[in-house]
Amino acid sequence: MIYEHSRVGRRATAQAPLEMAELSGIPAELQRQTPPALPQVSEMQAVRHYTRLSQKNFAIDTHFYPLGSCTMKYNPRACNTLASLPGFLSRHPLAPETHSQGFLSCLYELQEILKTVTGMHEVSLSPAAGAQGEFAGVAMIRAYHDARGDTARSEILVPDAAHGTNPASAVMCGFKTREIPTGEDGDIDVEALRAALGPQTAGIMLTNPSTVGVFERRIKEIAGLVHEAGGLLYYDGANLNAILGKVRPGDMGFDVIHMNLHKTFSTPHGGGGPGAGPVGVSKRLEPFLPVPRVGFDGTDYHWLTEKECPDTIGRLSAFAGNAGVLIRAYIYARILGREGMHRVAEYSTLNANYLLKRLMEAGFTAAYPKRLASHEFILTLKKQAKELGVNTMDFAKRLLDYGVHAPTTYFPLLVPECLLVEPTETEAKEDLDRFVEIMKTIQNEAETQPEVVRQAPHTMPVRRLDDVRAARELDLAWKEPSQTGS
Amino acid sequence: MPFIPHTEQDVEEMLATIGVASIDDLFDEIPPALRCGKLEAIPPGLPEMEVSRLMQSRAKADGQPLCFIGAGAYDHHIPAAVWELTTRGEFYTAYTPYQAEASQGTLQLLYEFQSMMTALTGMDVSNASLYDGASALAEAVLMAVRANRKSKSKRVLMPRSLHPAYRKVVKSIVRNQQIESVEIGYDPESGLLDRQELETHAGEDFAALVIPQPNFFGVLEPLDELTNWAHENGMLAIAVVNPLAMSVLKPAGAWGETGADICCGEGQPLGAPLASGGPYFGFLCCTDALVRQMPGRIIGKTVDLDGKTGYALTLQAREQHIRRSKATSNICTNQGLMVTAATIHMSLVGGVGLQRVAAACHANTAKLIEALSGLPGVATRFTGAVFHESVLTLPIETKRALRALAAHNVLGGFDLCEDYPELGDVVLVCATELRSDEDIETYRSKLQRVIESQVQTPCQLKPDW
Amino acid sequence: MSTTPTDRRYAKSHEWIKDEGDGSYTVGITDHAQELLGDLVFVDLPEVGASLDAGGDCAVVESVKAASDVYSPLSGEVIAINEALDGAPETINEDAFGNGWMFKIKPSDPSELNNLMDAAAYDQLVAEED
């Protein structure tokens, strides 16, 4: 705890002005009586403390991170270095367009690249994350129906395997949600969909490949049914990595999509953000896109705001979203270029299918063994849980001991005891082979000394944590020992 | 192949294991009619060297003008160590700390962040951040509507002296839940929230009153009275504050008799570069009583099987991945990396350091106001005391003045004419601790020349800008 | 498995309701339900005076990994809540059918009780779920 290094009167004095200026213009009754209780540490203490903290993390730079649905691929260093050029870092968000042509040109070209890879008519980069992109997308669906006076459409359909953000975003836009079941082969139950559609249907939110890691084969038919019922199709871009340069959501019939640039375009996850969640739309939704967007008149780049786009659903952040993330994604796209985009889907799919095959050969059970994997796949450890009393969480925790970040566990909910594995295109074959060997080792441990697996991890900075205590006896901020009485 | 490690031999072996002839066969389940061809419109890939040249020229194109704009994003010094540490791969390339045992670095750091934000704002608890200040306010409004059980209305009182972009963002985000913002004007003399207009809503049913400190004009509001007024009228008090200002101003938790209920704002002044508006981070703090209505990630301290201290995500049952359609918000990420920077920034600068930075901003802005007010026709527009921004009236059209200044590489402030046309030709200026006396003199002399040239040669025809 | 009390009725959504004989009915969740949820960390109760619809959600029980709505077995008005659960949600884990009661209701139509199961039928439902 940084506060443990704190001593009254200690400071990293080089980091702030040497003198305290007068606050003479501020009435006394509005002033604070004592300085805020922030840590009082030297520069070296802070540097050492946070360096040590960083070393308690798993990260892509240090560990294989096959976290399904999160696309933890290598984050090229050039993207960070070049996005951190002084000209980019020092640009004020409200700087005039005369002093913004470099920045705006990057954003405009990124919009064009994203339009091309998704097959959408127009793109807005402003949503700050995938969930905000979802919100924007559903809000546009609402605005579209409202603009036509079709206000009876109160329901958004979501597959039962959908990410939790889907229903949560729909509700934030004032919709009710209805779940559509997934069939045994992993595709959506089209008959159930047909029965659910009606004049109350505003739209459907789909991920393709779906969250169970397979391509929705009847997508054209689904699109036809939803459109016939007067609804729109929303594409959750969580799994765009699997199809980049192979098939485009626009061609599948989607009306609106969001992309997670922190997945497909390799911007860093940063310990949980910042992300970026641009949205793309078909022609009929263009007027509703969130602002600001970037326009180009053949000579100069300029902002498009409420003035130029009066029907917009509005602004989602004070300025232009996570601009620095957008710049990183742009750099990544320029390094990859068109050939590189095709390769993203190709090699992530190759890696996933190879890993799945090898794990099946090693005796693990695939949730959808008859299907080709997309860029990710699901194993179910139902058998291990039942026969050995070693469940998915135990496997996940034991993987940490072997230096591998656990895959996504217990999602999607409809597959019991599941591991969702996404190796990404940037892992080498030998790292995949090593993962297989580790899984075999853990399986062997589960059979011969299950307690070792059940008690895992053993080599991390902490052992399993008491989540119940964390929630029952909330301790959310450090307090001076005197305040707590100890 | 950039970032792809496969050799030809690897590919052959892998395909053989899978039992297919080519990579293309792996896409057999995608109907052929849907497959896209080559993406000709995307330029071919570039080596790092060439992309580097391209980006250098783009960054250079924007110049590095002398900046006197604030308006929600402030040019502050960031200690060198902040981003050196923040971009360590272990922070930069980690994911959300779902596997707590392998994420204690990020988790402990977020707990430290929560601790520092509560110290700064005087509130009981903080979450681990939201996207930015404006969206944090939207979440605060949603939170207040859920939490205020006394209020049956879905309305909040929103001062017009709050950042216009924030008001717009709140509207876009809460509109579809039939939540209404009722705007309260400002006093044309002082620039403070109009108390008489506020009084007309006494006794009416509102879920919350939003109180900015300082407000968008830089003016400091009488927050004790406003907070008490809100509470007396059954409303929650939502503080929207500049976190740097909090180091020298009365913390939100101490406002009025019982303190603000929710405190949110833009975290950018705590270690995030201007960077065209993002990524920044929004912070959201509240009283203990409201913690379960708070959206976003929250880290709690607990113990492991051996009784050793550890940190974990807690109260997750509020969140979308468990609660789905009944979650407090759809938010999934926080702005983890920006919070990493902010936590290190606050540790290095410290409480006293933040106060010095805040005081230097206050003093520099006072100098700027004094220097510019010496010019003919330039004066402060409002009488209210300010923190580090102020509205000045200009003797010439604001748009023309700013354009002419920009041509001299000076960004002279934010033009309020579009959002507040009733104010006439005014500009919102800010001088942070980074603006030297020399910078201020540069601004003064350039503005003087611009004014003189415009006043001496008045245009007969209004130019079409 | 603990014995399911026979002095009350059960809803499919795992609530129990007991006639207190004074016009009031006590509501809680079953032992089976608390077992499925695991260690509870929070209980959100309706407000006294709130009017509930049979089958409508009226309370929430939270564990670390799940949050579950509680549905009112009958329509009526909430006349008391178990304030002891605030700060001690584990009471439901320990004694779901007794001290872990959640609220009392004054039903507007006691005949709705006939739509609910007796203990034997509920036991069978639980057996089928497994």
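Chains: A, B and C, in written order; residue numbering restarts at 1 for each.
Keep in mind that, in the parts below, contacts are C-beta pairs under 8 Å (C-beta built on N, C-alpha and C of every residue); 3 or more make two chains touch, one makes a residue touch a chain.
From a predicted model like this one, the values you see are computed outputs, not experimental measurements.
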{"item": "Chain contact graph, described as a line, ring, star, complete graph or other shape", "value": "complete"}
{"item": "Innermost chain, where centres are averages of C-alpha coordinates", "value": "A"}
{"item": "Selected pair, greater C-beta contact count between B-C and A-C", "value": "B-C"}
{"item": "Centre-to-centre distance between subunit B and subunit A (centres being mean Cα positions), rounded to whole Å", "value": "21"}
{"item": "Whole-Å gap between the CA centroids of subunit A and subunit C", "value": "38"}
{"item": "Centre-to-centre distance between subunit C and subunit B (centres being mean Cα positions), rounded to whole Å", "value": "44"}
{"item": "Residues of subunit A whose C-beta touches two or more other chains", "value": "467, 470-471"}
{"item": "Multi-partner residues of subunit C (at least 2 other chains)", "value": "41-42, 62-65"}
{"item": "Junction residues of subunit B - those touching two or more other chains", "value": "322-323, 326"}
{"item": "Complex contact set, residues of subunit A against subunit C", "value": "467-468, 470-472"}
{"item": "Interfacial residue positions of subunit C with respect to subunit A in the complex", "value": "39, 41-42, 62-65, 89-90"}
{"item": "Footprint of subunit C on subunit B - complex, ascending", "value": "149, 292, 316-318, 322-323, 326"}
